[in-house]
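Just so it is clear, A, B, C and D label the chains in written order, and each chain counts residues from 1 on its own.
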Amino acid sequence: MRKELKEYKFDWMLLSCFSAASKLQNGTEKEYQQMLRYIPYFRGVVETVLSTGKPGQRFIEICAKYLDNLVNAKERGYHTAITTFCFSPIIFYAMDIMPICLEVMSVMLTFTYKRGSSDFLDFCNEVGFTETSCSSQRGSLGAYLAGIGTDIDMIVTDTPGVCDTNANAFAFAASYLNKPFFQLDMPPDLTGNRSDEYHREDYKALIAFLEEHTGKKLDLDRLRETLQEAEKQDAMIAELEELARLVPNPLPVTYNFFVYASRFLFAGMPECTRVLEAMLEVGRKNAAEGKSGISNGKEKVRSFFCYIDHYVQSLKFWQMLDEYGICYQGNILSRSWASNAPHVKEYGTYEAAYTLHTDDLDKLIGDIALLNSRMPMIKSIRGPYDAPHMWLQDTLSLAKMYKADFIVYNGTPGCRNTWGMVKLLARDTEKAGFPTYIMYADAFDERVQSWETTRDRFLEFLTVRRLI
Amino acid sequence: MMDAFLHAATSLENDYVKKWKSAGKKIIGYTCSYVPDEILHSVGILPYRIRGYGVGDTAIGDTYFGPFICSLPRCMLQLAGERKFAFLDGIIITPGCDSMRRLDECWRKANDDIQGILPKFHFHYGVPHKYADYTIKWFYDETVRFVNAVESHFNVRVDEEKLRNSIRLYNESRKMLEEFEALRCAEKPPFSGTEALAVIISGCAMPREEYNALLKNFLEESKALQGIKNRIRLMLVGSANDDIELVRVIEESGALVVADNLCFGARLYEDLVEEQGDPVFNLAKRYLAHNECPRRYGDYKKRLAILREKAHRARVDGVILQNIRFCDLHGAENGLFERDLEKEGIPCMRIEREYGPLVEKGRLKMRVDAFVERIRQKRREIA
Amino acid sequence: MITAGCDVGSLTAKAVLMEGDEIRSFEVIRVYASPEKSAREVMERMLSKVGMKFDDIECCVGTGYGRKHIGFVKGVESEIACHARGAFFMNPNVRTVIDIGGQDAKAIKVDQQGNVSRYVYNDKCASGTGRFLEIIADALEVPLEKLGELSKKSTEFYTLSNQCVIFAETEIISLVNDGKDIPDIVAALHRAVANRIAALAKSISVETEVVMTGGVAKNEGMFEALQQALGVEIKSVPQPQIMGAIGAALFARDLLVRT
Amino acid sequence: MRIVAGCDVGSLTSKAVIMSDGKIIASSIIKSKARPWESAESVMNEALQKAQISMNNIAFCVGTGYGREKIPFVNEISSEIACHAKAARWLIPNARTVIDIGGQDCKAIKLDEKGNMVKFITNDKCASGTGRFLEVMAKVLGVGVDQLGELSSKSKNPITCATACTVWAQADVIQHINDGVPIEDIAAGINTAMAARMSVLAGNIGVEREVCMTGGVAKNEGVVQALEKILGVKIRRIRNADPQIAGALGAALIAKEKLGEDK
């Protein structure tokens, strides 16, 4: 790895960028331009995000806040845990543990640096990790392996049974850094008594682990508070999802990202609520005026992503969607599985959802265990893709309900899990009438496929299939 | 005798399988060593480990799997598509790893295009990734579900007494294999690593009674042999391998593979099944506990200890850590093994390879040669 | 109505001149570093064959890798659409088009109206393209055009399985080193590429009739091998390499009619 | 003092080195021919001619490279890794890390203070980190491989090169050319991509000084400098011989040892 990278704490560098960006809106135009010059590459992202007004502003603020919490965690008496995006942070916040979500950190890296996370990606390989594993963890993990991030107390993941390459990254990190490790294991079936019980028992073991390594007992009242906030957020997300069903969709293309990133960072915390509030404000207003969320007001086609977004190159992917009037109807990872979510109601799939009973302390652990087992990816990628409540069913029902015109797959070459079945999925979705596009790009690493190629192939798909 | 083993190790529908079939008996294939053979044995079904051996190209495999998938399941699917597994009456897929678990869907969907390649009986065996009270319970329930599925599909009954007998038979086999292991790591092993692998693989491809008989003779004969000496002693670790040719190439460079920690290898037969108590529960416990492969996240230290112990017992001069491309589980763990074993002065060499026909013999050989040279140099240093 | 199609690919540039439904002239050349230059050159040579001038063309459409950089065209279309269009024009019964060009291979499904319904590109690995064949032909020191003929003389069956172009080159050289016969190696090479492309096509399921387009279709060895690998008959079309340019010329006709 | 020789038959190029009295008296590089024995004969003859001696004058000859088992005239063979390690010490006496980038593979070798091989690693599946990658790219750019280094030194704004695959990278490069990106920026991007891949291998074994680079790509300053930047260490330039012949040189040195004229 380049020497200069080792000279600063990498998360501190990210914090500097994001906190600079969060202060932009309050300055004069001149100050604004001045500031942007310090973050030349990041500029594209910042401008895209800030152009959405208050929601974007708040989003950048909470990113900065998150990074600030992370960088100063130790001083403020928090424990730290490396974890994954599909792990609900609620339990950590309720126990004064600062969750370090690797995938989100990797996204932030691709946003801020021209070379993105490539140096860290490569560093992982240098220390013996496989280059074929998923780039979403590997990006920021490299920095922690190199010892240039905040000190870590423990490593916790919930992807065993769902995604090897993800779980393996955490297991590797634990062995490499010699830190305590806990895995929540997911059985192949989502629903049914056996699975419910397994989820619950496993979650109890998690709590025991966290208590052991923090030396603190879980305070159920605090957990309840956090869950109450989460409940409120679920209701707001449900309203946003309801708005997205409208034609035209009143939400800008970036909102999906804001929703799930906020959840991954701050579920159950007021920070997340603030972003959701701001988005709802805009969404409701647009809806009342019958306005589309696309910048030029014209929604031409509606896309649904059956996997993840494309983060490299200053959010250019989203800018492109916006420019061509392609409305982004979200992806499989951005949906909430609370029982009040519109798609749960629409299709009556309550058994695959979770309900919070915050009035009953005895039920809290069971509820949060179930909530966690319904996190994105964890929920719909664990079993055979065509099993009930799994990938195919979710993709088709969401695409239908959100009136998508086509479906896009994007992931990382490291994603054995979805690459193992995406050809089959695409056959089925095509049969169901959705033109389906499989992208070969890496969501986090431009070196796999250049942005130019990604863009050209994507636009070619749209033209050839007569979507635009 | 070696011929019998070599034959079974280098063919899919071997003579034992043919004989079994022509007697009108059933065979069930499985992909991963978490499946308790004994249950099938007790109802007169031959358990058979599905392999990817002998594939030419992988056009069928590539049709369904995406491009970034381990070639082992792709080869298995290829063979299935070529009807090379037509003798199977059932298959069991476990979520061993992600590549392997997608064999379930890919095989089913390939069957839509190439009719009749999927046996009527197929079972998804949910194996947990950790060992705790509640995971054994899950695995036990899963095993009961499996017993029920076999019973109803094949119209048989899993009888407790018979199951106990099967467990005893397999334990006998395990004990013999322990002896075999001892011979293998002896100062002058009576057989090569290539032969050893053939012996081990045969166990997954023939009736246990015949296997035990062969093994017994083999052990006796081996004890009388001179033994091979003056070779660089290596241990082979990492991704699954059922190709004896790979070991042969390694041994051509003046090395002898005297130990392994492979899925098709020593890992298969370690640990006995308890013979007292509920046999199904005992099986669940043993099978979930014994298989130390990296899909058991967080148990790295345990596995390192196993390797270390084996390396000392077999007095190995070096360790080859190999993984199939896209096998992150073994690949990443190999990185850690290298770090930790080298620290203790055990030379290691990591390689990434493709499963399937050994086309990269030249490249592989070049590296093994260099590795052997490195070890020789070290020896000269010490001497 | 005189229209033209200009297909600037990764290795060759193709031009076709059509009058109504009739192909009046065509030309194929190797590309230069600049797509603009390749385009001009191929057009001029194609026109000079029939003694016509640029101005005689009422409308010209560009396609191929370099399409965005051709100055004189009135419109551009993707290669997928053009190959499908060209193949459908030549054979209206076509339902699957397999185009193997220099840089990539594609399988395209066409409906009864000639519209593209699904298509796929070759996977991330580049083996399975014309470039692959070229590199190997080079390593074997045989002319590209002779590959097909050579493979017919094969008597022994080998399997090549190395995915990577570059490493396959090494693998093939070591076969030569081992004294294996060139025709057998070439046949093995064709089978390897064909299998890869068959997997590609089958992943979107192959419907008959099947037509093969692109430069590689001129290699009979590949044509045969692909037929084998797909297990269905492939209908041949004359001049498969210019199919994209024909498609482009047809799109030019549409454009003219519309305006 | 008897004369020794080393012959390295690679799949793309073959090299021969003849030494006497600890000095290189002749060397030769040719493009490999279809049969390894032909390459060997031919490269050896060329070297012999330069030295104005005949095969009979050679007391011991060691063969290496992919074709090593098929060279008729050698007394012994050795792996390329051992040869490169040996040569590196001769070229740079304190070398502890050897980075060899040849036509179809690259290697990083770690040596102890006595020059023993402690650890090594070679690239595996993908060719995008090999000299062949650079050749393909140079061809696309319409320049010689030997110009890549100089070109990239002029670059102000190197491109990010998609490196997943040589052939795909080629497609990307063509696109950049078409888009009018200056070719020095492309060349710099290519060299940097190459260096980045190599640095991962080198990082794997842990880089220690002195670092020396062998193989044909060592002649590409662009890669060498990019690698220095990423690794953060100085790479010692080889001045006393052509780095490309290192394999054959190592073989000759081993031949000398075999004769017992060393140690």
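Simple rule for what comes next: contacts are C-beta pairs under 8 Å (C-beta built on N, C-alpha and C of every residue); 3 or more make two chains touch, one makes a residue touch a chain.
Just so you know, these numbers come straight off a predicted model, no measurement behind them.
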Would you mind telling me which chain pair, C-D or A-D, is linked by more contacting C-beta pairs? C-D
Between subunit A and subunit B, centroid-to-centroid distance (C-alpha), Å: 38
Subunit A and subunit D have mean C-alpha positions lying a whole-number Å distance apart equal to 45
With centres defined as the mean C-alpha position, give me the subunit A-subunit C separation in Å. 41
Find every residue in subunit C that makes contact with two or more other chains and list them. 123-125, 163, 167, 170, 174, 203, 205
What are the residue numbers in subunit B that touch two or more other chains? 63-64, 66-68, 325, 350, 354, 362-363
Mark out which residues of subunit D touch at least two other chains, giving numbers and ranges. 66, 125, 164, 168, 171, 175
What topology does the chain touch graph have (line, ring, star, complete, other)? complete
Residues of subunit C touching subunit A in their complex? 78, 80-81, 115-116, 118-121, 123-124, 203-205
For the complex, which residues does subunit D have touching subunit A? 160-164, 168, 171-172, 175-176, 179, 193, 196, 199-200, 203-204, 229-230, 232
Quick one: which bits of subunit C touch subunit D in the complex? Just the residue numbers, please. 10, 33-35, 65-66, 68-69, 103-104, 124-126, 129, 131-132, 140-141, 163-167, 169-170, 173-174, 176-177, 179
For a test of understanding, state which residues of subunit D touch subunit B in their complex under the given definition. 66, 78-82, 105, 114, 116-122, 124-125
Subunit B residues touching subunit A in their complex are 63-70, 95, 97-99, 101-102, 104-106, 109, 124, 126, 128-130, 132-135, 138, 141, 294-295, 297-298, 300-301, 323, 325-329, 331-336, 338-339, 350
